[in-house]
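Chain naming follows the written order as A, B, C, D and E, and within any one chain the residues start at number 1.
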Amino acid sequence: MDILNALVAILNYVVVPATAYGAQLALGALGVTLIYGILRFSNFAHGDTMAFGTAITILITWALQSAGIGFGPLPTALIALPFGIAATALLVLGTDKIVYSYYRKVRAAPVVLTMVSVGVMFLMNGLTRLLIGVDEIKFADGARFLISAQEFKKATGLAEPLAIRSTQAITVITAAIVVAALFWFLAKTRTGKSMRAFSDNEDLALLSGINPSRVVAMTWIIAAALATIAGTLYGLDKSFKAFNYFQLLLPVFAAAIVGGLGNPLGAIAGGFIIAYSEVAVTYAWKKVAMYLIPGFQPDSLLQLLSTEYKFAVSFTILIIVLLFKPTGLFKGKSV
Amino acid sequence: MSFLDASSMTGGYGAADILHDCTLKVEKGQIAVIVGPNGAGKSTAMKAVFGMLRLRAGKVTLDGDDITALSPQERVRKGMGFVPQVNNVFPTMSVEENLEMGAFIRTDDFRDTMEQVYDLFPILREKRFQNAGELSGGQRQQVAVGRALMTKPKLLMLDEPTAGVSPIVMDELFDRIIEVARTGISILMVEQNARQALEIADMGYVLVQGANRYTDTGAALMADPEVRRTFLGG
Amino acid sequence: EDIKMGISMGFTGPLESIAPPIASGAELAMKEVSDSGKLLGGDTVTPVRGDSTCVDAAAATATVERMVTSEGVKGIVGGMCSGETIASLTNVAVPNGVVMISPSATSPALSTIDDNGLFFRTSPSDARQGEVMTDIIMEHGIKSVAVTYTNNDYGKGLADSFAEAFKAKGGTVTIVAAHEDGKADYSAEVGALAAAGGDALVVAGYVDQGGSGILRGALDTGAFSTFVLPDGMVAATLEKNFGTELDGSFGQMPASEGEGKDMFVSLAKTAGFDGSSIYSAEAYDAAALMLLAMQAAKSTDPKVYKDKIMDVANAPGEKIMPGELAKGLELLAEGKDIDYVGATSVELIGAGESAGTFREIAIKDGKIETVKYR
Amino acid sequence: MSTRQPGAARGGKLRAPLLFAAMAALIAIEAATTGWNGALVIVNMGLISAILALGVNMQWGYAGLFNTGVVGFIALGGLGPVLVSMKPTPGAFSAGGWGILIAFAIALVTIMAAVWLNRHLTRMKGLAILAVLIAGFFLYRAVFDPAVAAIQAINPASAGYLGGLGLPTLLSWPLGALLAAGAAWVVGKTALGLRSDYLAVATLGIGEIIVAVLKNEEWLDRGVLNVTGIPRPWPVPYEVDLQADPGFLGRAAAFGLDPVTASTISVKLLYGTLFAAVLLVLIWALQLALNSPWGRMMRAIRDNEVAAEAMGKNVTGRHLQIFILGCAVIGLAGAMMISLDGQMTPSSYNPLRYTFLIWVMVIVGGSGNNWGSVLGGMLIWFVWIKAEVWGPQIMHVVTATLADGALKQHLVDSAPHMRLVMMGLILLLVLRFSPRGLLPEK
Amino acid sequence: MIRVENLHKHFGGFHAVDGASLEIATGSITGLIGPNGAGKSTLFNVIAGVHKPTSGTVTMDGEDITGLPPHELFHKGLLRTFQIAHEFPTMTVRENLMMVPGGQTGETLWNAWFQRGRIAEEEAALLKKADEVLDFLTISHLKDERAGNLSGGQKKLLELGRTMMVEAKIVFLDEVGAGVNRTLLNTIGDAIVRLNKERGYTFCVIEHDMDFIGRLCDPVIVMAEGKVLAEGAPDTIMQNEAVIEAYLGRGLKNKVKTGAAQ
């Protein structure tokens, strides 16, 4: 029984949340990695693209809700998602036309594009806030839990609870589907391959008859879709607040890099590594130890590092990974 | 009118012109070779023909159509193929994917063309799943030419295709180029292995400082002692 | 004459969402005084907003510098966060001799700062809140708690003073863990808190920042069911976002007995903002105090009217409620004494900070209910 | 990475003087419209920003090192004034100072032991090292934790930390540089082998780690409780003292200035002079270096590491050197900033403001060009501050024609966010019309 | 003398150099030829310290130099050029040359600040030297051009020019000829001979132009599949059946060119 309790405690406080968080990071990292892989710059505006996409999705969700449209046990936002994606795609395509395309034409160095994306980040930042304000917004509806803590305790009679939110499950499943689809798309389809060709050698892509504007547009559309999906799922699971999406940028980049920039599989792996390291290293193992070793009453919490350092932990792991695998776990690119 | 007719091209990268009233022509199924000192503007002329350089003056026609205003990828669709001098492979894509990208604009089945390329460069078949960036210099060059052949172009432009390839491969390459030309494809190439190239050329252009210095059949240029001494290394 | 008054708040940055109601609170008082036409024989008051960012000391300093030197403000309602307040106070307000009244900077450090008598606050020091919170928890019969705080001077100061007070009264604090605001995920913090255990969780954070994230996580995973919520956590959003999930939790915030707050909330409602939002009422009082002190001193010079602030704020004198600023101005003009009560029952003690009456709240049926004032 | 760039910057030789004159004019306009006090505040922080940008430019512009941990090194530099000029907390050192030193010694010995084992063991290496590290960690915590607790127990509301040495603040500037340089050495030794964006994220993480340490190690700098009242550097006086000084009042009156204005302006001018002096010395040294064979070597390394290595240049060594130097300059500026602010607030070190903004300065100014960095530093700081005012003004203009209503209200309420929009817009405009920066590398 | 003993270099499972042993005698101009992908460049890279060998040793005049970093080898007098030109693109052509010599006074910061007189003298000498080299390579009109803007062949010349800036003991040339005009290549060949005769440089030359190899090199080493296939004087090598089979080939099959239209 105690062993079961220990197991459930680990599941509830480490495995389930870290998996969901990891999937969220992975979805964000996919977008970053895609832009990096194909357009060859670190897009700092990605966090705010996520925010924008989510904001639009929320507005549409509200409209749907007030029209009485729902999605059964699933969140209404999932119906709104395609519209959010479309709007975000339009926005980023517009941005590309007005802003980025010029720098591609003059072949500016990647760091200039990165700086440009910082400019875009500021702009989108303001735009999103103009659109939906700065407040925290909750827009999740439908069934909240797959397994709720109380039910679980009642059903099993264990002392430790276990909860799985439906949004957590949706996030993990979506992440799996999206990464598989993206991987397949890039590795197997003609368009996907042409995107990789473009990323490898733009001039030669041109000489092979690949239409660069099409590749760029495709990339942005996919990135917009990824950003909106990631942002909406994150917002469903936690809540929406424009500022938080900017903050999300840091772990998202960390995830993309640990895995190897430009590599979709890497983004997934990176997301989980960052998430698990944050949760596990700062977890207080006291309770688990007490279950496992009867009669053990430690004074301390058996916590390796306090939670203040959780970010430091994930970055330390990142640095260690990079020291042994300088282009990330999955052999990413470097411009 | 010639199949490819690029006449009086003038232009460059910035303020100063590199090309001065440069004219290049290729007939259908013929091989034209450009030779000249380093920095003469040979690559620049190729880029100009392919629309990668803005011309201040001059006109390019292909099969009678004026293509001066077309973008490079539109020219590809018009049947032009180009192997640049440098950066001519997709380094993080496999050899096979490089070839597939060559066939990007084709909608028919290109399996047999790929087989032909593999027959021509057997080493590529061996390395088909390796990334092109990991190949040796000469192997890359073979990938580059292979990629251009995949387009099944009407006009094939090659910028120093034999730079860095071994003699045996160079011979094979020239053999293949001749065969390609025999099927009615026109070839325009820049070569520093000039004597070998002029041997198979119908037409030769000697370019110096962006202008045509000598223009004649390949054999005639080979025979000209002045040309041999100054441009072909004796 | 048109008197300019500065409002330095973090309109952008991590607390951007609670800044607007605070500023509106201050502006409400200014408008009321302006409209009354009774200040110094008909002076009007124009608010000048400035963005302090809440976290960037340099930007806040530049903002306040601009207000003082180029806009010529006669007083400043602000800053919003303690760190930024200290910076702009010592670098700008003190050298230039301008009065600052902060509605919300609650760090104990501000009690002892060298301010030439120019700094006041309408909120109490966090040192006091820790003691009040201890009492409330003890009265609920809870002896063991876990504490999490937002990792800034406010959160840390409050958590520390609470932990000390709680232990002194014989309670057990199982863990004191910080959380950073605005982060993507709080699973690690929730995990650590859950493992440490305790009968309740004290969340010394901000309701629309990490504090909510922690609550969410702790509720969803079933780690805690009773929460203790200090000032930064008590706001309408709590009801909206958590509903009945928080039933049984309780807390406290600086606020005082009486109808002052209610009057202010309804005034705010007419003016179109949420007066129950945190520190909004304090901001109203801060602005009101400054303007009343001008009237009492018959001068808009901060160096002169700074000495009157304590006078108008405290007894003796006639009590002045929110919405009655005109009356206060009249009385002062007549040379009578007033005791400004305002929206938060202002009573300035010591170095010019609120004495700290607290409202104990409990959450029942998804609503924040007042238990009593203490 | 393609380096082809559009036509060279117009303006030739006169470009730099003209742009600096324009910058001066902007400041003068600012002074004329809002007074010298406000203008000088911007100038002073602008000078510090210029130094920060110089430090980043050394790393990026000279050597192509993508350091995004700037915020960490600024923060470390800021520790300088705390450690040097604050008064020591009485009894703190005897309470826990030794404990902390011993703990550090334990940590050092542990790491050395691990390194030794790594070199000398062949079998069971991983296990042995892990065992040593774990044992060392617990021993360290066992000594460290009580020492920290003892220090924090001393007057926690206003002290609770070790305090400083009580020495003149000016001394803290070199110390700030040294602290940053020391950290840079450790970072450089481990992470400099990484390429471009990977180095970027590694340093991003390191910056976060440094800030996390400063935020949470209260015995060192009071953590999030902040250290306030850091003394000013010689010769900068306090305004209140000036206002009480009859001699000064007399001089002020002679100029026809009121005491408050005179004192605040004098203080700012003094700060400004100090900062400008530091900036000038740095610029002189950097210009000489950049135009010497050393600078040529650095550019070669930046252009092509493999070739530079083959041409006998010790790329790793030089990278480390420039990384340390750049960080030292950043640390120096960090220390100067703290002695300007008079307080150390670790939680204010956020990467947006202290890493990205500095990078924007370098890129907008023109990477690889020292004068460009100075210009970029001044200009972007100016814009960052002014955007706060311009944003709402623009909103005002935009909404002027709108009818009152929810939309207008919403827009007016959102005005502060125009600051970010403005910032973004200006960044994009500069980069659009001068993609290599305002003063491109020649 | 460079001696390579039983050298292996593996990339993953692929054996690019697979047990090569060879010697480059002091004072010789040794040619290194072999099919594309034979491992020639890889061998160079291992000798020059760019790659660490999987196994095997490299010695220089009896001293073990296996795995030393390139910059240390440079100071031991071992120079190399790259098959794919590695210019410093944003620097001028002249600067590309002037940066080469090691141990310049101005390369330390301290001296850059306080030894400006000495630096000025050195710079003047370097400048003169660089201009001589540029003259020799016939690209002196490009001295102030950004190296990134050079044509393919010009970059190769610059690559060679760098090795002429210092007193080297041994120079490894990886296909200097590829893409270089043949007339100019002849001049380069002359220069190599002159450097070899007059200054005693040892050369090891990878090249696919057999005229060039034949004119310059003795001995010639042939590599194939990561191993040494043959070694000897150019004439004998060119007669070697195995070499012809693997590398030289027998000339064009399509001797007669028949165009479709004419």
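Keep in mind that, in the parts below, contacts are C-beta pairs under 8 Å (C-beta built on N, C-alpha and C of every residue); 3 or more make two chains touch, one makes a residue touch a chain.
Remember, predicted model here, so these are calculated numbers, not experimental data.
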_Set of chains whose contacts include both chain C and chain A_ = D
_Pair joined by more contacting C-beta pairs (A-B or B-E)_ = B-E
*Can you name the chain that lies farthest from chain D, using the mean of each chain's Cα atoms as its centre?*
B
*asked:* Nearest whole angstrom, what separates the Cα centre of chain B from the Cα centre of chain E?
replied: 27
*asked:* Based only on mean CA positions, could you tell me how far chain B sits from chain D in angstrom?
replied: 53
*Using mean CA coordinates as chain centres, what's the chain A-chain E distance in Å?*
49
*Distance between the centres, which are taken as Cα means, of chain D and chain C, whole angstrom*: 32
_chain E, residues touching no fewer than two other chains_ = none
*Of all the residues in chain D, which ones touch at least 2 other chains?*
3-4, 215-216, 417, 419-420
*Give every residue of chain A touching chain D within the complex, in rising order.*
36, 42, 44, 99, 102-103, 106-112, 115-116, 118-127, 129-130, 133-134, 246, 250, 253-254, 257, 261, 306, 308-309, 311-312, 314-316, 318-319, 322-323, 326-328, 332, 334-335
*asked:* If we count contacts the way the header does, which residues on chain E are in touch with chain D in the complex?
replied: 48, 50, 69-71, 74-75, 79-80, 82, 86-91, 95-96, 98-100, 102, 104-109, 111-113, 116, 119, 122-123, 148, 162
*asked:* Per the contact definition, I'd like the list of chain D residues that touch chain A in the complex.
replied: 1-6, 60, 66, 190-191, 193-198, 200-202, 204-206, 208-209, 212-213, 215-216, 351-352, 356, 359-360, 363-364, 367, 410-411, 414, 417-421, 423-425, 427-428, 431-432, 435-436
*Quick one: which bits of chain A touch chain B in the complex? Just the residue numbers, please.*
190, 193-194, 196-197, 199-201, 203-212, 333
*Provide the residue numbers of chain A that touch chain C in the complex, in ascending order.*
9, 12-14, 17-18, 21, 24-25, 133-136, 138, 145, 148-150, 152-153, 161-163, 165, 234, 238-239, 241, 243-244, 247-248, 251, 275, 278-279, 282-288, 301, 303, 306-308, 310-311
